[in-house]
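In the two assemblies presented below, chain A is common to both, partnered first by chain B and then by chain C.
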Partner chain A sequence: MSKDVAVLGAGMHPWGKWGRNFVEYGVHAARAALADAGVDWQDVQFIAGGETVRNGYAGYVAGSSIAQALGWSGARVATAYAACASGASAIDIARARILAGLCDVALVVGADTTPKGFLAPSGGTRTQDPDWLRFFLLGATNPTYFAFYARRRMELYGSTEKDWAAVKIKNARHGLSNPNARYRKEVTEEEILASAMVSEPLRLLNICTTSDGGAAVLLTSLEYARKKGISDPVKVSAVSTVTPRFPKTVIDLPDIATDSAAAAAPPELTFRDSIAAAAYEEADLGPEDLDLAEVYDLSTALELDWYENIGLCKEGEAERLIRDGDTTLGGRIPVNPSGGLACFGEAVPAQAIAQVCEVTWQLQGRAQGRQVEDANVGLTINQGLFGHGSSVILTK
Partner chain B sequence: MPAPAVEGFFTTDPEPALLGTRCSDCGTYHFPAETFFCRNPACSGTTLEQVTLSSRGTVWSWTMNRYAAPPPFPQTEAFEPYGVAAVELAEERMIVLGMLTGDFETLKIGDEVELLVEPHVDGETLIWKWKPVA
Partner chain C sequence: MPQLPRTATWHLPVADLETAPYWEATASGRLLIKHCDGCGRDFFYPRSHCPRCWSSSTSWKEASGSGVVYTFTIVRQNDLPPFKERLPYVVAIVELDEGVRLTSNIEGCAPEDVRCGMKVRVAFREEARDEGSIFLPVFRPA
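Moving on to the complex of A and B:
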């Protein structure tokens, strides 16, 4: 039995700092995806929402908040929270329902309204909550962790500030003509190297911001797509939502200590490596099959880590890829043709879905102004807090 | 003398130490302390003894934060940049974070650091910190 489902429609609300109710972005994106698919909302049998934790109870039940706004239709509903991987988790639930034969048409939506500045934990005094503790005890903001990884690249692999600037310059150029990107402006190396130091060695223009935005995909069974007259849709061929394996020996958000490897040897693959490996295994594809990738560039230096995690090169060799232009549009394997988080900023529950929207449009040949030539296979990947991460492989 | 910022995470002896637990069945260390379960998936141990962790380690990575973290990080009128390190403990085979103190601006990966207990940024409570070994 095929494990593929069809992506019949994709839609987004442009990223920005609009300051409106997240439900509005979700509805806008959902309607765009439905129109793209030519499917009526009342024919959707299942809606899955990505949860936002910054918008009160309505955000905890994002799936039903958006369903109510679209108009109660009796569709079944679920809301998924998996930190930065929430959108992919929602996709995974919808895909599983379709593959189980429980429905043919599912809508997946994620939307967020974010506050200005550092993402911060919820209020109160919660000494049992690692996310609260890391701020209270250490002032360990998200960029603190990104800086740890960046410094290691610098000292272990000779990564330089100029390499990271090259990532930012590339992504800024990629996003120039993307109508959904928040930042559509070229940046120079000079501007990047002169931007304020936030968490050494990372400067402001190396770190992605937080944004408002919404993204949606309309997933269907292959049979439903065929009945609609679409015999060769873009397909979801893998969704990886693996947890880490013990002992996880890389320090990750929001922990203040790693697992101990005193009694058990560390796994062969790091957590980030394993997220991609599970997706490749499920799709029966490998890095050599990719035509493009959308990776989670929370920092410019982290984009280089991802090159290695998804197998574009060996550990310590990512700098060569950016220096040689391999990951630029027109290069061997373009990365973040959308402009990535550098141009979008992060709208947590929408971001993993936005990555899938971009790859869908790329495989359909509809990514105007940023199209990867002859794109047949694309991968998305991200990592979030608390052992969450996701990777989706789309094929044509 | 101010009280620890959080109970049960470290001692305030003249030679302070982080307080963790060690599984009596498999030997896995936990920090912060786990007291009801061992996180090793191959172990169902429920006896976790309190232990002090190594007070010396080596730098896995570190950063200097030049912007104030939001609450609950203590907010002060005059913000001072602060360092945070990820430190590898050899015996426990784990990495533990901590704020930095002393002359740390030229730290390199692999440099040795030791544990100290000092006032938190607002001076109201005590916190553990890592300091380069001279």
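Moving on to the complex of A and C:
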């Protein structure tokens, strides 16, 4: 039995700082995905929403908030939370229902409205929550963590500010003609190196902002797609939502401590490596099969880590890839042709779905102004707080 | 940044049965990690069960308190109190001689002088809030 499901439609609400209700963005994206698929809302049997934690109760039940706004239809519903991986979790639930034969048509949607500035801890006093403790006892903000990884790259591989600037310059160029990107402007190395230091060694232009936005995909069984006359749809061939393994010796947000690697050898693969490995295994594909990737560039330096985590090169060689232009449009393996988080800013519950929208359009040859030539296989990857893997492989 | 009630930032961790010995030890100048009597492994943060073998036979073990800076950052922007007043400050991951790593602050030297691989020793910084105080393990150049 095939483990693939079809992506019949993709839709987004442009990213920005619009200041409106997240439901509005979700509805916009959902209607765009339905129109793209030529499927009526009344025919959707299941809707999965990515939860937003910054928009009150309506956000905790995002799936039903958006379903209600689209018009109650009796569809079954679920809402998934996995921090930055929420969208992938929602996709995974929808895919599982389709593959289990419980439905043929599922809508997955995520949307967010964000406050100004870097994401602060959500409200309340939670004195036993490590995410709360790291903010309030140690002053460890989100950029602190991105800086930890960036500093390791400097130490181990001689990564420089210029390498990270090259990532930003590349992504800014990629996003220039993307109608859904928030920032569509070239940026120079001088501007990046002159931007304010936030958490050394990372400057403001190395760190992604937060944005409002919405993204949706319409997933169906392959049989349903065939009945609609679509014999070769873009397919979801793998969804990896793996958790870390013991001993976990890498500090990921919001961990403030790790297991000891002294008494037990760490697993062969780091957590981030294992996210991609599980996706490749499920799709029976490898890094050599990829034509493009959308990776989560929360920081420019982190994009380089992902090159290694998804197997585009060996550890310590990511700087060479960016310097040689391998990951630029027209290069060997374009990364973030959408412009990535550098051009979008993060809209947490929508972002992993937006990555899937981009790869879908790339595989359909519809990514105007940023099209990767002959794109047949694409991977998205991301990591959610508290141990959530998030990777989707799409094939044509 | 959303406007958080300022008081929200002024609470300390509430020690429970699992973590009380840890905080009691830091108050007397000792850093404790956990050891599993079942499988012999050290682990951190403190939990009542071993995350590897699920044994509930675990014991506290005093760490030597010495380690090295694994990675670090100099924080130059943070609007949350009380850190706004402390800028710039260093947040680091320290690897203890026992192998566990923890996130902490580096004090007692200029932020610019911190290096990866630098030898450090634990010290204890009192964090006082309205309801009392705790002693937080921080690190200084050894």
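Everything that follows uses one rule, which is that the second predicted complex is superposed on the first by the 393 of 396 C-alpha atoms of A that agree within 3 Å, B and C clash if a C-alpha of one lies under 4 Å from a C-alpha of the other, contacts with A are read in each partner's own complex, and residues count from 1 in each chain.
Keep this in mind: contacts are C-beta pairs under 8 Å (C-beta built on N, C-alpha and C of every residue); 3 or more make two chains touch, one makes a residue touch a chain.
Treat the numbers as computed from the prediction; the structure is a model and nothing was measured.
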{"item": "Fit or clash between chain C and chain B when superposed on chain A", "value": "clash"}
{"item": "Touching partner for A:K116 - first (chain B), second (chain C), both, neither", "value": "second"}
{"item": "Which superposed partner A:E281 touches (first chain B, second chain C, both, neither)", "value": "neither"}
{"item": "Partner chain in contact with A:R151 - chain B first, chain C second, else both or neither", "value": "both"}
{"item": "Intersection of chain A interface sets (partners chain B, chain C)", "value": "117-118, 120-121, 123, 125, 127, 133-141, 143-144, 147-149, 151-152, 155, 196-202, 246-247, 249, 251, 256-264"}
{"item": "Chain B residues within the chain A interface of the complex", "value": "5-7, 9, 23, 26-32, 39-43, 60-73, 82, 84, 86, 91-99, 108-109, 121, 127"}
{"item": "In the complex, chain A residues that touch chain C", "value": "54, 115-118, 120-121, 123-125, 127-128, 130, 133-141, 143-144, 147-149, 151-152, 155, 196-202, 246-247, 249, 251, 255-264"}
{"item": "Chain C - residues contacting chain A, complex", "value": "1-2, 4-5, 8-9, 11-14, 16, 19, 33, 40-45, 51-52, 70-80, 83, 86, 89, 91, 93, 98-105, 116-117, 127, 136"}
{"item": "For the chain A and chain B complex, residues of the former touching the latter", "value": "117-118, 120-121, 123, 125, 127, 132-141, 143-144, 147-149, 151-152, 155-156, 196-202, 246-247, 249, 251, 256-264"}
